[in-house]
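See below for the structure under consideration.
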Amino acid sequence: MRETNPKIGPWTLLIGWALALLILLSPIVVFRSQYLLYLSSLTCIYMIVASGLNIILGYAGQISLAQAGFLGIGAYTYALLGPSVPFWVALPLAGLVCFVIGLGLGFPSLRVKTHFLAMVTLGFTVIVYLILVNEEKWTGGPFGVFNIVRPRIGTLAFASPSRYHIIVALVTFFLLLLAFWALNSQWGRAFKAIRENEGRAEMLGVNLRNYKLMAFAIGSAFAGVGGALIAPLFGYIDPTMFALGFSFQFLLMVVVGGTGRFEGPLLGAMIVALLPEFLRITEKFFPVIFALAAVLIMVFMPKGSVSAVDWVYKRLTGKEEPHLTK
Amino acid sequence: MIEQLLIKGLSLGAIYAMIAIGFCLLWQTSRLVNFAEGEFVTIPAFLMVLFYSVLHFPYPLAILTAILLAALLLGLVMKKTLVDALITRGNTPFVVTTIALGFFVRDFLTVFATPEAMSFPSMVRQTPLHFAGAVFSSLDLWNILIAAVVIIGVSVFIRKSKPGKALQAVAQNREAAVIMGIDAQKMILLAFSINAVLVAFSAALAAPIYMVKYDMGNELGLKAFYAAIIGGFNQVRGALLGGLLVGLIETLTAAYISTQYKSGFVLLVLIVVILFKPEGLLGTEEQ
Amino acid sequence: MKALQVEGLKKSFHGFPALRGVDLYVNEGELFGLIGPNGSGKTTLFNCVTGVLRCSAGKVAFKGREITNSAPDAIYRMGIGRTFQLIELFPNMTVLENMLLAVQESQGSMLSRLFRIREDTNERRALELLDFLRISHVQDELAKNLSYGQQKLLDFGMVMMSKPDLILLDEPTCGVEIQMRQEMMDHIKELNKQGTTIIVIEHNMDVVMNLCTRMVALDSGEKIAEGSPQEIQSNQKVIDAYFGEEE
Amino acid sequence: MRRLLPVGVLAAVAIILFWAVNGFAQQQDKVTIAVVIEQSGPGAAVGARWIRGVQMASDEINAAGGILGKKIDTFILDTKTEAPVAVAAMRKAIENKPFVVMGPIFSGSTIAVMGLLRDAGIPEFVGSESPNVGKQNIANNPNTFLGSLNVELSMQKVAKWITEVLKSKKIALIWSNDELGKSGREALKKLLEPQGVQFVTDIATELGQSSFTGELSRIKASGADTLFIYMHEEESGKLLPQVRELGLDKQMKVVGHDTLLTEDTLRLAKDAANGVMGHVGLSPVAAPLKPVADKYLAKYQELPDHNFYKSYISMSLIKAVVEQNKSFDQQKFREKLKNSTFCVKNYPGLLMDVHYDEKGDLDRESFLIKIENQKQVMAGILAPLHADWFESCKK
């Protein structure tokens, strides 16, 4: 099949993003149910974290199992700063902390690849977990942190699920826009070049170190912000919420959705967070089905389930679906 | 005290080593890393329980059937399905796929078998032995013995037998071997089968200590992976050393350094090795 | 001043020498040939010059500036471009993207690249080059969908993107069908006329002979001859080396 | 194949959307009780027993005419033993306006959801024994009620037993490095150290850990006279054989609490468990609990564990409270339960007299158990912490 990569006009983009914002905010009006609102917020957060991983894995081509660790760091940063620090300071701070640590974690990726890198990042997650459990005087140890307050900006409190979802949705929108911007900039091109052919990229002047570290830092920062959003969503956090298994889940989210495609992890997050809800009848079996689906997708649809969307698009319009990132 | 720590460490390490060697064979022949290796231990363990505790086979027969079935399932079936489908796409897709596969096995067993841990009798009666102030179980010696026999068996097979030599040839230089008329695919199949037998054996040894449970593989798989990396991915003897090292490190850390950061300590060793000697302690550099 | 100055360049793999102290220089604006049988160390020399391999010993100077063992990306940004014997492209990026990538890192700072410096000029240039190479019709194809010849041309085009002062061509015509080969050689000459210094590794004698003005012959890591095509052709050592190879 | 797959995916999506149905119909003549519990993940085993408790109790109550003539109608939601899922499940449960919620068991999930229920004004009974649950309850207006003594209270009894009966001086403590183990450890230290009891070793173990040689060697060298084990069933089951192997059981008394002595542990530890002693809140061999245990045994071919009893008794308690109130008002329910004692003689379903304080913590008798040939054997009864609360039941 001869794929091309058609461009998207500025107006289509504008409308597209406006639509995206509406969709992200829609649960507030669509769902009466607090439960569905909660799920929507969770989905948004998963989208953020998965998109972060997609930058590392899908674009820069570096595998990372550290997302759960960063989610934890972000969540604890937010929770421990507590109500003393205003939300709009704590949130970026959580992101920043993870950005810096992410830079550090990027360094191994300069020396090792694939399974070695997987192990290093896996080790990172485990060690974060151990610290959260054992350094009780700071982290509350296995008991976790209670009564994490939801943000209030000025006199306006965002406590109710619908109010809080507004914040989650806006942050998600902003971060996705950010990722979209970065990936469509010349950075995105450099990332892809590193993924496609590291050696040649370097011989065309691409500074591997800077770009790889940046990919890791950005991806990790996304996870950090996700954590800062998830802590007040639960109102309570403990280390078990950020154990290794979570990292694997995010990896599968990206893969099932579509690696290296902007909309991939978004789809993946929805599948993980929302699908079980609709698969009520198979609730108990969902994990089995999902894992099996992941395996099958890896085998039959290397481009992930977005390629199904592409297929539909092609059937309907007869044209190739334009990719959101160059 | 130290003596028994050493013996215990070794008997654990022996189990890790067997699995780690499986890793290495796969890597050498197919350049793939199997992240579901832990579940590859769980599956034969469950088969053993099925045959012994449910279908009431005699013990040795149960073990044997389990091992054979495992070899078929984790060797032939695995090769014909996932490996053939993914090998052309390099390592990372395979890593991700096997991670998913691991999820599948665990969830499948919880839902369709049991979420609870099951005990499984050991091959030998566990009688406490006393030796130079150290107390340990006959089981430990047995583990070390079996592991030694199996490992020696495998390495002899690789060195001496015709298919073994072919396997080595592929491991050292795929292209050259193929030109020499060796069927690389057959060799990969062989490697997966040997791996299956190794994990099945380790399952038989681990079951009495680890208990048979859907997630028993998590720890085993990871430790074996640490072992393979620390020792050296492209050397069977490296994996052996790595396995024993990991066993000793974790036992000694718990005894002398910290129980809370026990698993962290092994990881630090691992990360240091990865960063400063990626080829592993006994491994050789790969071009 | 010499465009490229290589002195006593040594490189060995695991103690096995691939280059045993090669000296050569290339003048500004020269179209320089590098010949020799397989395994004589031509590509190794390229790799050492472009920083892909660390030299075991010796000096490499570009326009009088020492660049021995600098990082590949740094060397590229200084203005040394190269093509490859076996094609090295970015298969899942479009032809245009491949072209643009070749130039982006030589412009602006990393940060400015995040804020998308406008690429109209680059794009215009890319399209011109693609036209010049007669592959502009596939600009939006993924590189992996191109024919072998087209890929060779793209590789060549990428080198020209960043207007390097020195271009190293590793067997540009190898595996390219005859009329395409002629085109390729015209492109090279054309480029050289525009003032770019070019070094060509070539197996095919007649190609080098009609391309180059001056050349060096390597054999098993050593320089065995230097001079005009005619001199080289008549040089006994060279003939031996090639016959030696054929036996 | 490649052509067909997307079609399949589409079909799947279509079916899914077709299935998308919300909420449970709530009948008027029924009282809905939501069971939000660990059905999968690490908690699956204990969760299953909790569910059995609820079902056995509600069957019996319904057979006896229900509560104030209303039949109990239960629905079950899975927390997957993950706090985030628990929160989701609880929100879903709340939307079906249950009268009471039963569960979850794991403390993380419990604490994560109790705020939701307080806001919704729905009382809940939980399997968690964490002292933090009580602390999170708004004092004097508890909404979350424990199914058994919380760890701190249990440890008060245990400490008494250790100092007065066992007369231990040097204790080696081995605990699982999570909410359960650590809260037990802290409570125990707080109570015993002032009394001059020494903790010669204090060892954390990991969840899912299998080999304890390093840890046990420390203990062997520590010269302790008592080994106190505070770990989950599975880990305890793996630990005990290794304790015996090192001959620690000859060297010191091996004691523990609840998890060390339950059926799950015994099943794994086999004869290595023999001789172990400990404190158990609810034991199938205790006289008042025996009859139900027999019913359970007949039905499920195994002995019940404390989680079964927690939910079983809590269900009976719901009946008791409602019938005293003569109404299904949830506020009244809370008020009635707070600071009051319920006696078996009035409500046989309770099996044992029980008292709830203003933090939602309960107090009642509990038992000393010894393991003999892989079975629990009664070794004594530990009186409630506040005997005075139970006067009313005596006369």
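A few points about this structure:
Going by the order they are written in, the chains are A, B, C and D; count residues from 1 in each one.
What we mean here is this: contacts are C-beta pairs under 8 Å (C-beta built on N, C-alpha and C of every residue); 3 or more make two chains touch, one makes a residue touch a chain.
A quick note: this is a predicted structure, and the numbers were derived from the prediction, not measured.
Relative to subunit C, the chain whose mean Cα position lies farthest away is D. The distance from the centre of subunit C to the centre of subunit D, each centre being the mean of the chain's C-alpha atoms, comes to 74 Å. Subunit B and subunit D have Cα centroids separated by 37 Å. Centroids built from CA atoms put subunit C at 48 Å from subunit B.
Look at where the CA atoms of subunit A average out and do the same for subunit B: the two points lie 33 Å apart. In subunit C, no residue touches two or more other chains. Across the assembly, subunit B contributes 111, 260, 263 as residues in contact with two or more other chains.
Counting partner chains per residue, subunit D shows two or more touched chains at residues 40, 177, 204.
Chain contacts in this assembly follow no simple pattern; the graph is neither a line, a ring, a star nor complete. Pairs of chains meeting the touch criterion: A-B, A-C, A-D, B-D. Those residues of subunit A that touch subunit B in the shared complex are 61, 63, 108, 111-112, 114-116, 118-120, 123, 126-127, 130, 133-134, 248, 251-252, 255, 284-285, 287-288, 290-292, 294-295, 298-299, 302.
Of all residues in subunit A, those touching subunit C in their complex are 2-6, 182, 184-187, 189-190, 192-193, 196-197, 199-208, 210, 326. By the touch criterion given at the top, residues 33, 35, 81-82, 85-86, 89-93, 95-97, 99-104, 107-108, 111, 225-226, 229, 260-261, 263-264, 267-268, 270-271, 274-275, 278 of subunit B touch subunit A in their complex.
Against subunit D, in their complex, subunit A makes its touches with residues 33-35, 38-39, 42, 133-134, 136, 141-144, 146-147, 230, 234-238, 240-241, 275, 277-281, 283-284, 287, 300-301, 305, 307-308, 311-312. Against subunit A, the residues of subunit D that register as touching in their complex are 1-2, 5-6, 9-10, 16-17, 19-22, 39-40, 78, 82-84, 87-88, 91-92, 94-95, 108, 111-112, 115, 130, 132, 136, 177-179, 181-183, 204.
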